[in-house]
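Got a structure for you, questions after.
Order of writing sets the chain letters: A, B and C. Residues in each chain are counted from 1.
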Amino acid sequence: MPSAIVNEYFRTKKLPQIWCPGCGHGIITRAITVALDKSNLNRDKICIVSGIGCSSRATGYLDFDTLHTTHGRAIAFATGIKLAKPELTVIVITGDGDCTAIGGNHLIHACRRNIDITAIVFNNNIYGMTGGQYSPTTPKYDKGTTAPYGNIDKSFDIPGLAAAAGATYVARATAYHANLLISLIQKGINNKGFSLIEAISDCPTYYGRKNKKGDAVDMLEWQKKYAINVTAASKMPPESLKGKFIIGEFKNTTEPEYTDEYQKIIDNIGKE
Amino acid sequence: MSKYEIRLSGSGGQGMLLSGIILAEAAIYEGKNAIQSQSYGPEARGGASKSEVIISEDEIDFPKVRSCDILLSLTQKSYNEYSPGLRKDGILILDNSVEYKESNTKIYSVPIIDTAINEIGKHFVTNIVALGALVSLTNIVSKNALEQAVLNRVPKGTEELNKKALYMGFKIGEDALKRN
Amino acid sequence: MKNKELLMQGNEACVEGALVAGMRFFAGYPITPSTEIAELSSEKLPLVGGKFIQMEDEIASMAATIGASLTGLKSMTATSGPGFSLKQENIGYAAIAEVPCVIVDVQRGGPSTGLPTSPSQGDIMQSKWGTHGDHPIIVVAPASVRETFDLTIKAFNFSETYRTPVIILLDEVIGHMREKIELPDISKIDIVNRKKPLVNKEDYLPFKADEDLVPPMADYGEGYRFHVTGLVHDETGFPSNNPDVSDKLIRRLDAKIEKNKDKIVEWEEKNTNDAEIIILSIGCVSRASNAAMKIMRNKGIKVGTFRPITVWPFPEKRLEELSQKVKAIIVAEMNLGQMALEVERISKCMTRIEKVNKVNGEIITPDEIIAKIKEVL
């Protein structure tokens, strides 16, 4: 039996979803709906946009106005929607490859504009839909089907990238830390500006198997074991953070928002 | 004559584009058809730059100059480049800094740049002085229509200055007519 | 009352036409020789409460244009050469997702960066086949500043009527030249708006077509909660791998333009009644063709001109008729013979096809066409 949240916000006729058993994407997608539920928004004024990849299939299952776009372009489509109709709450669902490889340029410019969009990056460290090629967040020396001898690219720090590019709300949680994830997404939605929440997922089928990370439970255990909250991390000596990753809120600032700024142009022309 | 094909040439920054637009607009004020086009690109910045205007009583099909009736050249480079395209019975109007070869073409050498810089004191009115000289030498549009077009197209606040430039242009054109 | 006569640039007329058609959103990226369209849109749209955005690249501009259209705003983007190549990905998206939008391509010399400031007509085939897969497209090619104004309005009307991307194929000459234009009485211009759903929100099937093969379109934010995807989808809008669904969708998309061809196709012909030779050309080259025709007519040579105004769909029926009665058709185009391929296909060897091609960044001149006519005679 689907839960009340699933019944309310999912297109239940479209379930079951296509994700593999043990994939973290279901937990993250549910977290988005819980955050939306808690945000008390007009359901009909929410638009969810995704790109291409495993995570981007989420829009098909969510009962809102939804747009499943081309690879990497979700944020660019979302920018058009938000600027054209600023009263909409615009959410972007994207993956590590979609958002930071083919769509990396759109990401940094949306951050720079501080346009009021909340992007949730499902990071599973791999291109899942195409069968396990290394992505911009595959850890160095890990393997993918296109990195049979180990990946020699350095991996992206997505929150660091977004914060540096000008996003006003930046955070990270994991599929394991679902409650934290819900609260961070909710804060991201409430932020009037560009918000990026990295949601660490797990891909037991490709990344896990290729890199001997065990099954889904092992991978969630790993998330639990190696995640350090940002507050705790700030009090720890750097050497004890080795091999760990930080979760929590990294940036929460207020800056002029793009569509507001544009509206000012329109209004000021009228006054002149 | 029912159709004129005109090339206005100089170096990038001398305002040849705007003078072409003004000339075409003046023709329209007189109920004629006109087309203006220009060359773009690197040559619009320092090299030879040209603006083309075709004025006709009839419908204008081909929008580019095929056989040039009137050529204005403000620089040596633009004279060298575009004078071969001038008709044998065409009219050549040159800034007096340009050295030219005598030919059967009607040639007027007039102090356009000198007038703008030394008489008016503003190099940016060179194109308006040039237009004034060109129209008083050729009568392709009326002086009234030209003045109206100049005032319509120049930046607000520069109307008086441009009017002065235009009148100086008319005058140096008339002086050249008397000399020839 | 006679409307005021103005000296206007082709690119400017495009923006004026778009505003009359109801454009309220423009996303673009600077590129010569189309930039004036973005500049003017940025100036004029806020005056009517519309929105302009300069995106980070051409791909994003096309994406934002589609996104805005899904909220109900009439949207346009403009580009040239390399930018047109980049936009193809999302032009395909607009085609399969049936999102109305207008794309202006001010053609310049190619391939690649090519000749940024020089005219070309090298995108004739790309405008039809640029994105992958079979898909419908409407492409119009203006030959004057006034026609740029008129066809931009038509482009919006077509895009709204048929829920399809429409491409305005300008060239550098028409885009940049200024000529006399008398604007029509705007109150008398037909403006078409997309068909809205008439059913209850719960019963809305976003891709269920009416008899005209076009599905009514809801806006995002109106409560219909519908899904749009670039994947093959059924009437509900959700992806499907069912071969029948795919076949039905792709054939309907094609048919919605194909079956309405008679309402879309437009051309101009001059002196074709008694013509022995017809010069066929579009855009700026058609002006050279008309000049050449007049010169030849003065010499008593029976020359006519034929100008496709919609390049796609091509004015096939009429050209086929003409092919049966003329000695030769001279196809003059600023590429190596893209349109000639189509003319050869349609004329089915019923007449001689000759070509005038130029790819040096200069417009084809009347003299070059006349030289070809003399060769044919």
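FYI, a contact is a pair of C-beta atoms (placed from the backbone, for glycine too) under 8 Å apart; a residue touches a chain by one contact, two chains touch by 3 or more.
Not measured: the values here are computed from a predicted model.
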Practice task
Would you mind naming the chains that touch subunit B and likewise touch subunit C?
Solution key: none
Exercise for the section: Could you name the chain whose Cα mean is nearest to the mean of all protein Cα atoms here? Expected result: C
Handout entry: Averaged-CA centre spacing for the pair subunit C and subunit B, given as whole angstrom
Key = 36
Exercise for the section: With chain centres taken as the means of their Cα atoms, state the distance from subunit A to subunit B in Å. Expected result: 61
Problem - Centre distance in Å when subunit A and subunit C are each reduced to the mean of their C-alpha atoms - result: 38
Completion exercise
Expected list for subunit C, residues touching two or more other chains, is none
Problem - Contacting residues of subunit B [partner subunit C, same complex] - result: 21, 24-25, 28, 33-41, 60-64, 66
Completion exercise
In the complex, the residues of subunit C that touch subunit B are 5-7, 32-33, 116-118, 172-173, 176-180, 284, 287-288, 290-291, 294, 363, 365-367
Handout entry: subunit C residues within the subunit A interface of the complex
Key = 24-25, 27, 46-47, 49, 51, 53, 55-57, 59-60, 63-73, 75, 89-90, 93, 219-231, 238-239
Exercise for the section: Flag every residue of subunit A that touches subunit C in the complex, lowest number first. Expected result: 11, 14, 43-45, 47, 49, 59-60, 63-70, 73, 76-81, 83-85, 87-88, 105-106, 108-109, 262, 265-266, 269
